[in-house]
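Handing you a structure now.
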Amino acid sequence: MSLEFAFDLLLVLTMVWSAWRSLSATRLDRAIVMFIVFGLLMALAWARLSAPDIGLAEAAIGAGLTGALLLDAYGALQRREI
Amino acid sequence: MTGFELPVALFLLCNLIVALLAAARGPTVADRMLTALLFGSTGTGVLVLLAYGGAGQMLVDVALLLALLAAIGGIAFARRAWQRGRDD
Amino acid sequence: MMVWLILLPLLWASLAFMLGPSRGVWPAIAGLVAQLWLAFALAAEIVGSGAAMHAVGGWGAPLGIDLVADGLSAAMLLLTQCIALPLAVYAHAYFKRDDPARNYFWPLVGFLLAGLNALFLSADLFNIYVTLELLGLAAVGLVAAGGGAQQIAAALRYLFATLVGSGAYLLGVALIYGTYGTVSTVTLVSLIGADAPDLVWIAGGLMVLGLMLKTALFPFHFWLPPAHGGAPAPVSALLSAVVVKASFYLILRLWVGPFSSLTVVASLVVWFPALLGTLAVFWGSYQAIRAERLKMLIAYSTVAQLGYLFLIFPLLASAGALQAGIMQVFAHGLAKAAMFAAAGTLIKATGQEMVAGLAGVAERLPVTLFAFGLAGITLMGLPPSAGFLAKWQLIELALSQQQWVIAFVVLVGGLLAAVYVFSVLRQAFLLAPADSVVTPVSRTLEWTAFVLAAASVLLGLRGVELMQLVGVT
Amino acid sequence: MKRLLVVLGAVCLIVLLLGAMHDLAPASVELHAAVAANLTASGVEHPVTAVLLNFRGYDTLLEIAVLLLALIVILAIGREEASNAEATVDVRLLVSPVLQTLAKLATPLMIMVAFYLLWAGSFRPGGAFQAGAVLAAAAVLLHLAELLPSWQSPGARLRLGLAGGFLIFLAVGAGSLMQGALLEYPLEQAGALILLIESGLTISLGLILAGLFLLLSRDDGETS
Amino acid sequence: MTAGLLFASVGVILFALGVAGVLLLEHLLRRILAFNIMGSGTFLVLVGLAQRNGIADPVPQAMVLTGIVVAVAATALALALARRLYVLTGKLELSQDDEA
């Protein structure tokens, strides 16, 4: 039960929890924000899996593009309360 | 490589989780977005600690990128998904 | 030589994109003619000197990616190019000048064909995943291009179905790579033995289920009728004739390739696709008979005819099963392309989407209706069409292995096909109501549909070469 | 009923897989050893870039085609009708100067990081895709700060930029096909060729990924 | 229970969560989120299982990079279709009824 394993276990539990919250959130904007949190946690996960390339790609795409795409789509659908 | 990196990284991660739990009850969605931004900055800290904790210098690049791009999520949220004066 | 079959469509697709929104037809048709010639040349070379292999990047499996052209893939390449060229000519004449569906139509078709050709040639499970995505997104784009609400909704339903299918397939590939450390099909054939760990069984199940979803086999067929029924005629022709067959080809490739030692051991497993195929034949035919809209009728006929393909799995032990299956793929591909093309011409001329609205079409558009009839003959499996040859072989095989049920299903399926084909033909031969006006339609539309239908019938007479080609391994 | 079926299926998939994944024998093929052995012949030092551009370069070629195809489909869907909303005054919040100065300061930084990642790709983590993603993030930032308009329909030059990287990759692949196999770089020029492909890809990927965002934000009438 | 195996196990859970989300959720944007979670789960399994003995293997990492690009392309395409459907019909739910 080394420190590394504790870190991984905590990270993993948070990932599953944020993914579950993202799918089951009552309001859509909370779901999107939770998904952005999930993306950032994935970047940490790739760092733990000694895959820095994927960490770079996940951070660049997750934080930089997918989050903005989803929020932009949500803004465009703002007329209807979802 | 002082051996303290991993415990501090673990502490920061617990810090994040507490922030996440607090935000789960947060009144408006803006609080959740603040958590996402916190993940960006604290995440950078965790990555740097992991880098010096043994995973190698390559993670510093990931931390650099995360720090650079974390703000975009917040800006996109403010510009697109947040209507002033709408209380939810 | 085989590599140009992949590079050419990629080239003329990006060229067509750079030329602008509704241009790019001439590079496309020139490219397709060259591809057709290449496909024939490849088939001839394969029959002559056996399967050809091309190690991309010069590394060779398992490190690099291999392209393998054996009989099965050469036959599928031949079918794809034989259908793509006439449909391209048809599409060029079909779309009006300002039709929004013409918007970047040729780049989408180019990438679709590149995905198909790359899929038929690839011998690497992950590379097949990338080609499946290229194919799937291009098909979704063609269904949605310039379309109204129905087409966009159908494209979305199709997109989610194909993404879940690819996701399940990719998880299977991930598990296989985790177990064996390679994704090259050639290497995996020797690695996967009957004593494989049960993780490999789950991976195989996931991959086959994902591909069944992409083939629209019976319980997973919900996305096909709206997508193929709603899309413009040349698009639904291309999708029904070839795109749906690509994932069937992959199931066959996995079944007799890497997972062959598993399917031999578990003899009960072969009855799963056969059962679904039987249900598909009956359910598809029933829905086709009930359909009011002409293109929905043809789309449900695709669901039914796909059922036949899955009937060959219990018979795969004997030699002729693969040939019968590919003959059915060819017959249905050519016939369905002709039928959708003919339907497109009929709808464009009469302006009527409903089967009931086709009254009196016989004497106004004789060539188109003749093409529709010929395609119907192939679907019903009447001699001398290729459909008859395929069904004949299937029944012969089934009887030789005492599989009475399969033989019975094939016969009844042919009768059901007759019902919905004749329901359209009967309607067409009625006297036209006085006020019905038929806008003149360009000759190329009628004759390309006729060429495809004639090919599906004449192939019945020249089936031997195809059988020989498929047999090459 | 369907809900129950799907949930049941998902749970039993998890149980089956977790059970089967644990007592797994080590893999029979060790590709990481093969990559390490052939690394010197690949033209780059970083193994992941070597696999991405050389050993499995064909995957990357098709992957770029998928991305370009996605952009073309987005163009094909959105008809270029005149913006259906009448010329509405942009009632969105006026852009605060703070955001605009941040964008103006951050963008050159991002471009520098992008080219650093491109250059670093050959000997440490990085590469064309990550660099392109950072360029796209810069474009997103500029658009959010109203300094960059959304695209309506790309002109000829922009289309060339979008498909340019892919065409360079195709040309190098076809060129190498003349001597040997597809995408088989001659040994001494392998590094240079990979850098050429990566630079072309960075520009094109940056434009395509930015286009995915800028084309999507053109659709609504911005009347919210 | 090495780190690789732990992440692979979580990948399986995320995949199942994502697939269930795509099949059960009605709202299009939520289904797109579910698809992304499914993709991330598959990638975790691909890298985690391959590195279950702790040795970093560049081949699955390159495959995941390719997979992420394909996932971004599919996500942008799905968003464009969903927004187009909203502009045309004002609806954002795709009825789940599998009309036969």
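By written order: A, B, C, D and E. Residues from 1 in each chain.
The definition used in the following text is that a residue touches a chain if its C-beta (ideal position, glycine included) is under 8 Å from a C-beta of that chain, and two chains touch if they have at least 3 such contacts.
Since this is a predicted model, take the numbers as computed values, not measurements.
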Touching subunit D and subunit E alike are A, C
Between A-D and B-D, more contacting C-beta pairs sit at A-D
Greatest Cα-centre separation from subunit E belongs to chain C
Using only protein Cα atoms, the chain sitting most centrally is E
By Cα centroid distance, the chain farthest from subunit B is C
Cα centre of subunit A to Cα centre of subunit B, whole Å, reads 11
CA centroids of subunit B and subunit C: separation to the nearest Å works out as 48
For the pair subunit B and subunit E, the C-alpha centroid-to-centroid distance in angstrom is 22
Shared-interface residues of subunit A (touching two or more other chains) are 4, 32, 46, 48, 50, 52-53, 55-57, 60-61, 63-65, 68-69, 72-76, 78
By the touch definition above, subunit D meets two or more other chains at residues 17, 21, 24, 27, 31, 35, 48, 55-56, 59, 63, 66, 69-70, 73, 77, 117, 125-127, 129-130, 134, 137, 140, 144, 209, 212, 216, 219-220
Residues of subunit C that touch two or more other chains sit at 126, 130, 133, 137, 140-141, 144, 152, 175, 178-179, 181
Each pair of chains that touches is included here, namely A-B, A-D, A-E, B-D, C-D, C-E, D-E
Seen from subunit E, its contact residues with subunit D in the complex are 5, 8-9, 12-13, 15-17, 19-20, 23-24, 49-50, 52-53, 55-59, 61-63, 65-66, 68-70, 72-74, 76-77, 79-81, 83-84, 87, 96
Contacts from subunit B onto subunit D in the complex sit at residues 57-58, 61-62, 64-65, 68-69, 71-72, 75-76, 79-80, 84
Per the touch rule above, subunit C residues touching subunit E in the complex are 126, 129-130, 133, 137, 140-141, 144, 148-149, 152-153, 155-157, 159-160, 163-164, 167-168, 170-171, 173-175, 177-179, 181, 222, 283, 287
Listed in rising order, subunit D residues that touch subunit A in their complex are 48-49, 117, 125-127, 129-130, 133-134, 136-137, 140, 144, 209, 212-213, 216-217, 219-220, 224
As the complex stands, subunit D meets subunit E at residues 2-3, 6-7, 10-11, 13-14, 17-18, 21-22, 24, 26-27, 31-32, 35, 47-48, 50-52, 55-56, 59-60, 63-64, 66-67, 69-71, 73-74, 77-78, 84, 127, 129, 209, 212, 215-216, 219-220
